[in-house]
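Chain IDs A, B, C and D follow the sequence of writing; residue 1 opens each chain.
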Amino acid sequence: MANSKYEYVRNFERDENLLPNTWIVVRIDGRGFHKLSNYYNFSKPNDTRALNLMNLAATQVVTSIPELVVAYGVSDEYSFVFHKSTTLFERRSAKLVSTVVSLFTAAYVVLWNSAFVDQGQSENEGAELPRLSLTMLPTFDGRAVCYPSWENLRDYLSWRQVDCHINNLYNTTFWALVQQGNMSHTAAEEHLKGTVASDKNEILWTRFGINYNNEPEMFRKGSVVYREYALEASPGDDGEGILECETGVENPMSKTQMEKMRKARQKAKVVTKHVDIIKDEFWIQRPWIRGGRPGRLLGDGDSTETKGKTRNLD
Amino acid sequence: MANSKYEYVRNFERDENLLPNTWIVVRIDGRGFHKLSNYYNFSKPNDTRALNLMNLAATQVVTSIPELVVAYGVSDEYSFVFHKSTTLFERRSAKLVSTVVSLFTAAYVVLWNSAFVDQGQSENEGAELPRLSLTMLPTFDGRAVCYPSWENLRDYLSWRQVDCHINNLYNTTFWALVQQGNMSHTAAEEHLKGTVASDKNEILWTRFGINYNNEPEMFRKGSVVYREYALEASPGDDGEGILECETGVENPMSKTQMEKMRKARQKAKVVTKHVDIIKDEFWIQRPWIRGGRPGRLLGDGDSTETKGKTRNLD
Amino acid sequence: MANSKYEYVRNFERDENLLPNTWIVVRIDGRGFHKLSNYYNFSKPNDTRALNLMNLAATQVVTSIPELVVAYGVSDEYSFVFHKSTTLFERRSAKLVSTVVSLFTAAYVVLWNSAFVDQGQSENEGAELPRLSLTMLPTFDGRAVCYPSWENLRDYLSWRQVDCHINNLYNTTFWALVQQGNMSHTAAEEHLKGTVASDKNEILWTRFGINYNNEPEMFRKGSVVYREYALEASPGDDGEGILECETGVENPMSKTQMEKMRKARQKAKVVTKHVDIIKDEFWIQRPWIRGGRPGRLLGDGDSTETKGKTRNLD
Amino acid sequence: MANSKYEYVRNFERDENLLPNTWIVVRIDGRGFHKLSNYYNFSKPNDTRALNLMNLAATQVVTSIPELVVAYGVSDEYSFVFHKSTTLFERRSAKLVSTVVSLFTAAYVVLWNSAFVDQGQSENEGAELPRLSLTMLPTFDGRAVCYPSWENLRDYLSWRQVDCHINNLYNTTFWALVQQGNMSHTAAEEHLKGTVASDKNEILWTRFGINYNNEPEMFRKGSVVYREYALEASPGDDGEGILECETGVENPMSKTQMEKMRKARQKAKVVTKHVDIIKDEFWIQRPWIRGGRPGRLLGDGDSTETKGKTRNLD
């Protein structure tokens, strides 16, 4: 039974190969996580276990795909950034998106019940997450977007982090009014209508004694996941030079070079930080993210000092 | 901290809305399943537990998304067919693909260790699947393809089923030579070079006493997943009329009608069959697949006879 | 000076190959024709010379591209229909659009001053068009749209013809009020606000003695351009059979067959008619348009009768 | 006759909005110009009248579309560059391509017989071009390509200019062998097989006394069309600063600003030069091309000196 009679159907397949020399962001979003977070009794406004789980799944994705240079997560969304020079899957959009989404979903589900989830959780959230039910599977949709310049990419990530801040301040105040102020959801919503940031800070402090700036950084700043190397820039450096270095498609690497770099990246530790990524400092100290080339591994030579620096950062 | 400064980055987002009035097939494929099937000791050439797991995950997907009218799976791939009239997610390609991939992955991982996997397994495969490891997560990539006509869609599905047949006959013979004939992989490959279907049937029968036609239908024909209703066509009917009825975009349904149909579909049982889908019979008896409108539920009125019919089919 | 250093820039080129087995319509629109028609003193509401020029340019396009099965024009727009089986330029959208637009523009400009423009013009428009000025070049933009089914294509063409009718009835009444009724543009516009078709017919008849149905068919129905063959269907035929015959991609023609058909089509006369294309009759009598295969040339055998039929049609 | 029944067909229209913040190049190519140049007896290897005509048509296009910052032409092709910040036609690909193609075609055809074509022609080509025939219309196809960085755009233009050089050296030698050396086309082709640039220069010099470097610059370097302003950089300047200044989408201009700039550009003279655009010099002295903002008009203040500079350049 030859198959040639039907093979013409392959002509209907269409690939979208994303424009070369652009930064590719695959952003995934939890589907129906409002409902899901109620079903599994997530803590409000933030569930440390659930956020840790997101971060662990993202770490798994970044570890599995060395072409990813950084990822940023907040709430039930995560943005994964492919270096602009990547040629993974010939930059086919559907392949990039579906691979990231599938990897993230698989890791999220496998890790759901794992011991890892408990790491780093705050004291009042000692309980494990309830077992997953087939009728309420955690799933994520995704999309790919191209950003032509480094400035566009930085602005995209800043946009997400500002969004994190705005939403978290709102949610923290809303749930304080509901949980500690015994307001109904509607009343709390009404109460916050038209308020600006300083109003919410005031409400938190005067009514509930909460200093918003003391809230956990993971809640206020979201999570950055990336490969850590020895930090490079000295305090006096304005980083201009570093921020401008680029790996152009003009000088594409050979296959051997790329494979070598891929392996070098795989040796680096993938870390999760809750730090400001809007200002330049984060990026100046980690030029390998923009450059797309592996940095010096931690533990080489002056590692002690470097590690100290890292710790001071967040 | 207003976010307006950065919001311009939304202008970089691009959606691909798939052409209306075309059948959308989302096909998913296991990533690196050759390696994965070795890692988890899948039986060769077919692992009943693994195939059942694929079918259960597909059932979960079809059940969750009423807009899917049929799905067909073989080996580590599955094709999910959206009716040509669907407007789900405004037919955005990335959203359709990522949702199907994520749902399938989540179901596959959750069901991996579940008791359901053991159902229907052949006697010599009593063992459960080994526990999933984070270092070898089962993941799937996916893509969407549009087929403008019913004939194109039928030909696509026929293409997949012919492929199933060709591959399975080859694999069955190859592994008989290796496992029972003690040939090396290379020797078996060499032995089969240039053989046609009848040669392979001959080898199986004369050397190993295997009648290929007695092999399980799931191996030979793959798996069709769809909503079952009371079969409709009588034996004498050539089905022409039924196969030609179409729901055009010309007469789009109202939102209320669509919601009503969606609910009707949700009541139907999603079944898995291992039957011929190349010939017309399967489609003539199940006009609701092409028509996209729910049929008469099983159990209404003449259900006994209908159910009997169903059973005779496969 | 080898060019290899720069050749990487070819990787940025992207092609959109339009989905196979769909009808491709390239619609072109005059750019700024409101201004242009004032500049060159076109008659209002319709300029016979300008419409004839559009039709002649369209005829040139259809004649040059045998893959076009029909074209429909109204005012300063024209829709060119490629048969769904076409593989011209590998169905690349930019190539199809730019070729049609360029051919149309070149023909339009070359024919502008030609004697051909005067053919068929009504008596009161004897003057030639004024000479073209570089500062007011007639130009057209274009786009390609795919229609998956014959019904979709028919509905597209019906949409354009209904639009022609609605606009022409409005314009005829508007300019009668202005030119014969001495109303200002604003007053005429105000006068017509909220009127339906019968109101406008009434105004035309009672105030200006114009029977709209006696207006030239080119104004009321637009223009259809296509290859004419011997008409095929007999009066009693409901055309069902003919309208359903299709050339599927399932049975693609060989290159030789396609070349043969291409040549056969080139022998046929390209005609321009001003007839109803919403009802089935036009299409039933010209099955070669849907079928995409050349019909029997006029002048073969029973040509007299056939030609008579054609004449009766419009 | 309401049109609502058919309006659903608009849902089939799809727009491709090109990625923001990327340079858009619309490249047009003559269709079948090999045949056309024989038909109209173009001189070989270069026809000055035909090249002038291309340049005049391109000038018309650049003049009509202020969003174009530069264009480069060679033989029967022309590349038109939209500034990366352009939002013309919402960056819709089909609209940009078809508008450029239609404008170019219209101008080419109108100018064909005009007196302008004779300007600048070499002495031995005094004859006018033959009249255009409907059976051999000059037409052009086109496509749009996005280049994310200035370097990518520069490399694209360098690629075209190197191509111009390679082809022109080959053609000059080939036609010398044919026209002056009385070789057949095949013999000349054979003779040049495997030769490098220096071989061809040698053949031209020793056999025909032709110093290739004395060939007209239009033949050797192609043509650049752009708005000329007062040149800006001094000889000692390395231009780094200028070449790096960019108008980002990060700080999009207001509508008023854009309209103001559009008008400023319209005042500038569009010029045609035959100069090197591979080296930096051309770009350093004309920073307004990359910057996308109008420069200082010629004739303001120190215009004499500036104009002198311009003249020295080419």
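We adopt the following convention: a contact is a pair of C-beta atoms (placed from the backbone, for glycine too) under 8 Å apart; a residue touches a chain by one contact, two chains touch by 3 or more.
Here the structure is a predicted model, which is why all the values come from computation and not from measurement.
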item	value
Chain copies touching (chain A, chain D) - same or different residues, decided at half shared	same
Identity of the chain that, by mean CA position, is farthest from chain D	B
Chain A and chain D, separation of their C-alpha mean positions in angstrom	45
Centre-of-Cα separation between chain D and chain C, whole angstrom	33
Set of chain A residues in contact with two or more other chains	8, 12, 14, 19-21, 146, 152, 155, 249-250
Of chain B, residues touching chain A in the complex	1-3, 5-9, 12-16, 28, 31, 60, 93-95, 97-99, 101-103, 105-111, 132, 134, 137-147, 152, 155-156, 158-159, 162-163, 165-166, 197
For the chain B and chain C complex, residues of the former touching the latter	19-22, 84, 146, 148-149, 151-152, 155, 248-250
Interface residues, chain B side, partner chain D - complex	8, 11-12, 14, 17, 19-21, 249-250, 252
